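Lettered A, B and C in written order, each chain numbered from 1.
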Amino acid sequence: MIKSYKLRRNLTNALIYVILSVLCIIWVLPLAWLIMTSFRGETQVYIPYIIPKTWTFDNYIRLFTDTSIVNYPRWFLNTFVVACFSCVISTVSVLMVSYTFSRLRFKSRKKIINIGFILGMFPGFLTMVAIYYLIKAMGLSQNLIALILIYSAGAGLGFAISKGFFDTVPRALDEAATIDGATRNQIFWKIILPMSKPIVVYTILTSFTGPWADFIMARIIMGDAKDQYTIALGLWTMVQKEYIDDYFLMFCAGAVVVAIPITALFLKMQKYYVEGVTGGAVKG
Amino acid sequence: MNFIDYVQLNPFQKFFYKLKTFFVNLPKNIARFFKFIAMKIAAFFIGIGKAFKFYGVGFVKGSWSTKISYVIMGFGVVVKRQLIKGILFFITEVAYIAYMITFGWGYICKLGTLGEKHSSGGIDPVTGMPIVAQSDDSMLIMLYSVLTIFITILFLVLYVVNIKVNLSLDEKIREGGHVNKIGEDIQTLLDARYHVTLLSLPTILICVFTVLPIIFMILIAFTNFDRHHPMGGLFDWVGFQNFADVFFNEPKKAFTFQTLVGWTLCWAIIATISCYIVGVIIALMINKKGIKFKSVFRTMFVMTVAVPQFVTLLLMAQMLNDDGVINVLLRELHIVAQNDYVKFLSDSGGWLPKITVLVVNLWIGVPYTILSASGILMNIPEELYESARIDGAGPVVTFVKITMPYMLFVMTPALIQQFIGNINNFNVIYFLTGGGPPNDNLLNAGHTDLLITWLFNLTLGYNDYSLAATIGILVFIFCATLSLITFNMTKSSKSEEEFG
Amino acid sequence: MYKYTKRILGVGLASLMAVSALAGCGGSTPSDGASDSSSKDEGGSSSVEVKQYTVDDVMGDAKIAMGDEDNVTLKVWGPQASLALLQKQCDAFVENFKKLGKTIKIECVAQGEADAGTNLKTDPEKGADVLCFASDQGLELFKGNYLQQVRLNYREALESSNLESAYNTVKFKGPDDTEEGVYAFPETGDNGYALFYDKRVLSDDDVKTMEGIMEVCNKEKKKFAFNLGDGFYGCVIPFTAGGTLSLSDDLTTQKLNYDYDKISKVAKAFSDLCSTSDYFKSEDINTTLVSGFKNGTHAAGVVGSWKINDIKKALGEENMGVVKLPTIKVDGKDTQLISVYGYKHMGVNAKSKFPMTAQALAFYLTGEKCQKERCEEIGWGPSIKSLAESELVTDNVALKAIYDQQQYSLPQINILTSFWQATGTYAGNVVNPDKKHDDASMKEYYDNMVENISIQ
């Protein structure tokens, strides 16, 4: 009886190993293909076989040296700058808003939360035309500052997850501090924030990676100013029909180069990401 | 069903019970909703009445300096020794008046007609150059009018605050109380009124970059700003014309709208549920006791989350192309004939591309579910499983009776969020198929177009701004209603009141 | 002398006169014709006669070219492939006027001519002063007042030097106008397509007929790519059937004038072709054709002039063949395929801050010298008559094929945005082997096209 149970368990486990391995391969293969293609020597976009016959490192070299038309290093730098600034502004506003909603009690709080919640549902790019003209009226079109503003301005509305987290921090802490004469400002900075590392890291992580992935807003704001492009827009340009025959392999190399730091960052911070997501999910 | 019965249900059944009651009560709730709106409107007018009363009474009761403050903001405050605050009030008033005279008023005046001057042209007989007298720009008139209205509201709020401050100072002086110095005022902003400090910056940003554009877009939906009315020229108010067109007035538009609504909902439901189920199953396998290399497996999946989405999507689009690597693979494996290929993204019937985008979405979405599901799985109390095992339940039964309901219960809000996210899932469709393959029964839309990609193409490709705005509003109303309902249905919004 | 009539509001005219009188004082602008014509103002309508200039006149006199404009900065949009040359030509323009005492700065920015119009519409003020666009966008740009009318003094030069068919595609007439105006400078005469093939596979005789090509393709198991699913190529089916396009006077609705009987026969010929062979592919040639030639999976493809250099690289110059489109058997008779034929134009943004200089620049860039350079250096076919008939074109196989096809084509006039998708979807359905091709379905595809084309 016990033996057969063990056998069955081993069998199931073996089956699970097989299924998981197959799935892992399916999930990793496209990325492997991307890396392989970025080292391919044949210049045409499509080849009628899978494994390239010639290998080269040229695609990477061209990516960083041949910058007259496709200025990848510049785009990378642009995105990095935008990501840093919008990350700081977004993180600060999300934390401020969610702390306020979670901890402070004031008139019409409930109503404001609901309004914020509804506004947060609104996909920003539905209003892209209006935003564009607003930015233009400010004299910021084709400017990286505009992107920073757009990415971080609405961040305050993404309070749901971190509010859920703050809700779980015991209120007794606040009360004890208040008795000791601390102001709410001090409580926020000295007590709550240090305790909320997972959610702070989660917020930083999501707001830092956002600008690397956004395409629509960058496209609308930047227009023909190739110097001001971000990575997403630049890589998209490289697979458009005017460019693809010349730049497809550079596109692959560029995609690898941008994926590596983000992936590394993500894997390192994975723990916090999970805590952030589930913390928010469990607590709603 | 009474409370005792309800408590005995498992979470799964509870959820469906809630769902049932929700739909049973729907008509009643809708009626209640409209009653609520009516009450709010009434309350609004009563509130205005009260405000005027307050305003009048305050004028009669206030000191002489308060009375002057009704005209010159901040005067009373300065007299009552809050110099800096008073000067700030005064500067606001001067700035507002200057703004209105030089800029704002001119635009507000034109808001009713959106400008009337047409462009006219001719030839300069000396240089032979064409000369064009520009028409009014309706869009700028609208944008700046909305901005001016915003600023006016802000100013009115400050004005009322000015009066309130005056009145409360009057009262304090009458009672011989202490008048705050500016330093003390700042101190309260860090403590008693800390919420004002924290919320002000995000609120300003949100007002300018979210609320203002939304209002602007809502206004656009009531105009005829389309490709026959080019950018920089004139257009007019048309009332509910666009909504009528989308629903019944123009058969082709209405048909396209209905078809896309159908496919968008279909897509969102299937995409959400498939990602959820596959993700949970994989998470269960990874987290099963006795499975080693947990973190290796998890890392493999998580890598796809980390790589920016547009990269993987552009990549997938290349791989799934008629000559792409997947077709090459199929050929090498002799699944398709040597010269043949599977039209993953281009099959004109539309079904294969639809399935393809769903599968690719699965590839992209599942790792997210794995991440969050893993966390939740670890939180399921072990006793539940223990007792189930004692009762002789097998793995399948425990899964159906314990794991699944628990996960579903905890993840419902996240699922609804994901559902809404999928309705607005621009990236997957746009980068993979661009909405194609084209469908000649639809108006400027293809087989895989979602409402949101249609909207994008209408805006950028066809310059049909008013139609795009109309669709945007409809999508927004749908999403907002759905999320409000779930938000208020879930436990969290109630339980947090315990803190209050 | 060129006569120009347009209704001008009385007040507008008076103020124009005042302005121009002031402007005319200091300069030596030849304005002889102007003062007489201005007095002919009758009932709000006026005729203007102005002196005509050539490119040489413009390049020789800063006053003529730029008026009072100085310290000019201009932005030019051109496709990436021509950008380096474009910048060189612009620099020459700048240099020329530097000698004449004017300061100009010109920046060339890559912007594909297919999207230039769309991007200009999104925000004219951020758009280029001078932009290169494909002729099918001309009508939409004109309707939205995005293009500045060509300076009257250049019209005679444009009309006399350019191919008539090219000049016809830059003339537009609005519903309120009494006569046609010219709104762009023809830049190239080659925005059409031809049949490219691999000489190692197909012989010169094979490529004369569709049937000949398909016979070899089937035997050699190589593909013939003809992207009928894209309206730019798909309109071959209705055009071969002898159809034309017309446009309503208010410029909002276009209409197909086709004989259903004829079109159904042509469509039948195409659908038969694709149902009998796996090698006739309506696929996105923009990405697959060049790879296909290089990999040896494709024997032939119909594609536009802009791929010439890439294909040359893929096949090797000696193996690349280019000819006009083949014939197809309709009702047992060989019928020549009729295509749509376009041009590339340069337009001046109506919102340009330096309109006179921008016009002069566009005039120069589309002049004979610049067109010749473009033809020699990047292989773009000229729209200037004398160049189009010279050895420059006749000695260039690819260009020759494209110009040959021109006599079997309809120019891009009266075309609105809705045209491309409608015809593309129709033709795509006709040649898709997975679709039903009985009479009823074919009629349905046709009806949908007619309806979609006429959508406002």
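Remarks
The criterion applied here is as follows: a contact is a pair of C-beta atoms (placed from the backbone, for glycine too) under 8 Å apart; a residue touches a chain by one contact, two chains touch by 3 or more.
In this text the structure is predicted, and so the values were computed from the model without any measurement.
Of the two chain pairs shown, A-C and B-C, the one joined by more C-beta contacts is B-C. Relative to chain B, the most remote chain by averaged C-alpha coordinates is C.
Chain centres here are Cα means. That of chain A falls 18 Å from that of chain B.
Centre-to-centre separation between chain B and chain C, using Cα means, comes to 42 Å. Each of residues 122-123, 125, 287-288, 291-292, 297 in chain C touches at least two other chains. Residues of chain B in contact with two or more other chains: 321, 323.
Annotation for chain A: residues 45-48 touch two or more other chains. Residue ranges on chain B touching chain A, taken from their complex, read 139-140, 143-144, 187, 190-192, 194-195, 197-199, 201-203, 205-206, 208-214, 216-217, 220, 282, 285-286, 288, 290-291, 297, 299-312, 314-319, 321, 323-325, 328-329, 331-332, 363, 367-368, 371-372, 374-376, 379, 410-411, 413-414, 420, 424, 426-427, 452, 455-456, 459, 465, 472, 475-476, 479-480, 483-484, 487, 490-493, 496, 499-500. Those residues of chain C that touch chain B in the complex are listed here as 4, 6, 8-9, 12-13, 16-17, 19-20, 23-24, 29, 31, 34, 37-38, 46, 48, 50-51, 67, 118, 121-125, 140, 143-146, 148-153, 221, 223, 229, 252, 278-279, 283-284, 287-288, 291-292, 297, 350-351, 355-356, 359, 417, 421-422, 424-426, 428-429, 432, 434-435, 445, 448-449, 451-452, 455-456. By the touch rule above, chain C contacts chain A in their complex via residues 77, 79-81, 83, 109-112, 119, 122-123, 125-126, 128, 286-288, 290-292, 294-295, 297, 310, 314. Interface of chain A with chain B (complex): residues 9, 13, 16-17, 19-20, 23-24, 26-28, 30-31, 33-34, 45-50, 93, 96-97, 99-100, 102, 104-106, 112, 114, 116-119, 121-131, 133-134, 137, 149-150, 152-157, 164, 167, 171, 183-185, 188, 209, 212-213, 215-216, 231-232, 235-236, 239, 248, 251-252, 255, 258-259, 262-263, 265-267, 270, 273-275, 277-278, 280-284.
Across the interface of their complex, chain C is touched by residues 119-133, 227-228, 230-233, 252, 321-323, 337-340, 346-349, 437-441, 443-444, 460-463 of chain B.
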